[in-house]
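A, B and C are the chain letters, set down in written order, and residue numbers restart from 1 in every chain.
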């Protein structure tokens, strides 16, 4: 509906742009590692890397009717291929699960804030913009798990989607409260990252449903 | 291609609009209940509710190149969150499977007719518009089952997708035959609902494939 | 962004258009056969046929912001229904797995070239256009396998996605090198088809990931 705002990139800021490429690379690597666990070929590595790296942003762009970010600019797709190749040629022990969790936590928080900021700049109402941030952060990983036939990150007990909710939601609230994009971004990325850090360190999770039953 | 018609909402009529919100709520609740069966957190309840409640209409809108209905108006998303919260705080026994089946049957028929009507008002040819009705009615539930790792509604023997085909197809035929939108809608919703009712009551299903083999 | 080029269809050429309808029919039949293996109803046959036959092209069109090819023209959807009906009424033995593999190989190579050609005609950069060809060729089959709960073609050891990569990539390279669309198309379809033929005949596959580990 609305034309894409001219000043979208400056609004978002260079820091978020850099974090976004880092996020694409990390998510793509996590996709390639899922292919490695399944003992796949390099072509499948590339496919998984692409789906995981750009899947969330693709769904966001389709929903808000923005041009899909990696279709008119080859950089994100090349970033995903580079991640797939790197995972292919390096020893598996190079990729410690713990280190990946930390990088993934940075990518998750950055994607969530970036997605919410992009949606707001397209005139999407705040509540829906916050959802777009969560979609940006989580949908790539959900697609990776569906394709790999692994249990979805959606269904894991520790905080993951919630960290995206916190980053995305706090960004929208801070912007609503009048903060500038750079300051709101930094605070929101840190809040989501800290929550995810507590989940990694301490195994924090939300309470699960038990219902109110006699059994 | 075509600009969205100005008079889309009046054409569809208030009754279908109300049924559509009821359908979103019921489908969202069925998504939240799938999360409850998996003993998930409130955040996952909300995610499942959103995907199930708006998934079908989202795919329809993307296919017919309409603005995605819940992105520029927060009401449907808030409806899904309300359904998730209600399922979370009420005892499981409150949600009888049978009662849900009936509400779901209303939502399915209403979504199918609404989807076909919206597609026709965007100038989509009748045969494809009927498919869009089926997509609107069934895709949310298919996504819910994929995410939850449950057997898809697509693959259940009893009539489900067929009821959507009947509602959507009869609406398109009645409109083609010259009936007004309100009358065609009521008849088409009732036909699909009745067929689904027979499936719930009597376990009606279509014949399954056996092939023509010697065994 | 770019308006659809007026001369898109002539550019692609009649041969590719015919191959594309053949590809839709063959992929739709493979979807219906998946439904037959699951002993489903005719409605499910039709759903699987549609998803498999038009799924890849749909995702491509959404990504490159083209009108979804089967929404404004009912021919592809009717082709899919015809394939579903044909599979339903013919004996299972009529559909030899081997014959299907060969038809599927033609469809895969034609879809990959067609998808890359369409993306290039919409001004998509070459690297991304090659990816769009792979998406066009493979995503329908991936969706079919997800819905049917079968192991994905993505994860099979023999060359499949790679054949799409070869067809799509060679088309983009040949066009880049200055060849006309008809000549580039024929060469690219043949290259991908030959590779897939070697996979069917000889069981050729890419090396799978082993990592560099001590075990």
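Simple rule for what comes next: a residue touches a chain if its C-beta (ideal position, glycine included) is under 8 Å from a C-beta of that chain, and two chains touch if they have at least 3 such contacts.
Everything quoted here is computed from the prediction, not taken from an experiment.
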TODO: Enter the angle, 0 to 180° in steps of 5, of the rotation superposing CA atoms of subunit A on those of subunit C.
DONE: 120
Open item on the list: If I list every residue number at the interface of subunit A and subunit B, are over half of them used by both copies, so same, or under half, so different?
Closed with: different
TODO: Just give me the whole-number Å value for how far the CA centre of subunit A lies from that of subunit B.
DONE: 29
Open item on the list: Going by the contact rule already set, what residues in subunit A reach two or more other chains?
Closed with: 62, 146
Task: subunit B to subunit C touching residues, read off their complex - done: 1, 62-65, 123-125, 127-128, 131, 134, 138, 142, 146, 151-152, 154-155, 157, 161-162, 165, 205-213
- [ ] Note which residues of subunit B are touching subunit A in the complex, please.
- [x] 35-36, 38-45, 47, 50, 58, 62, 67-68, 70-74, 77-78, 88, 90-93, 146-147, 149
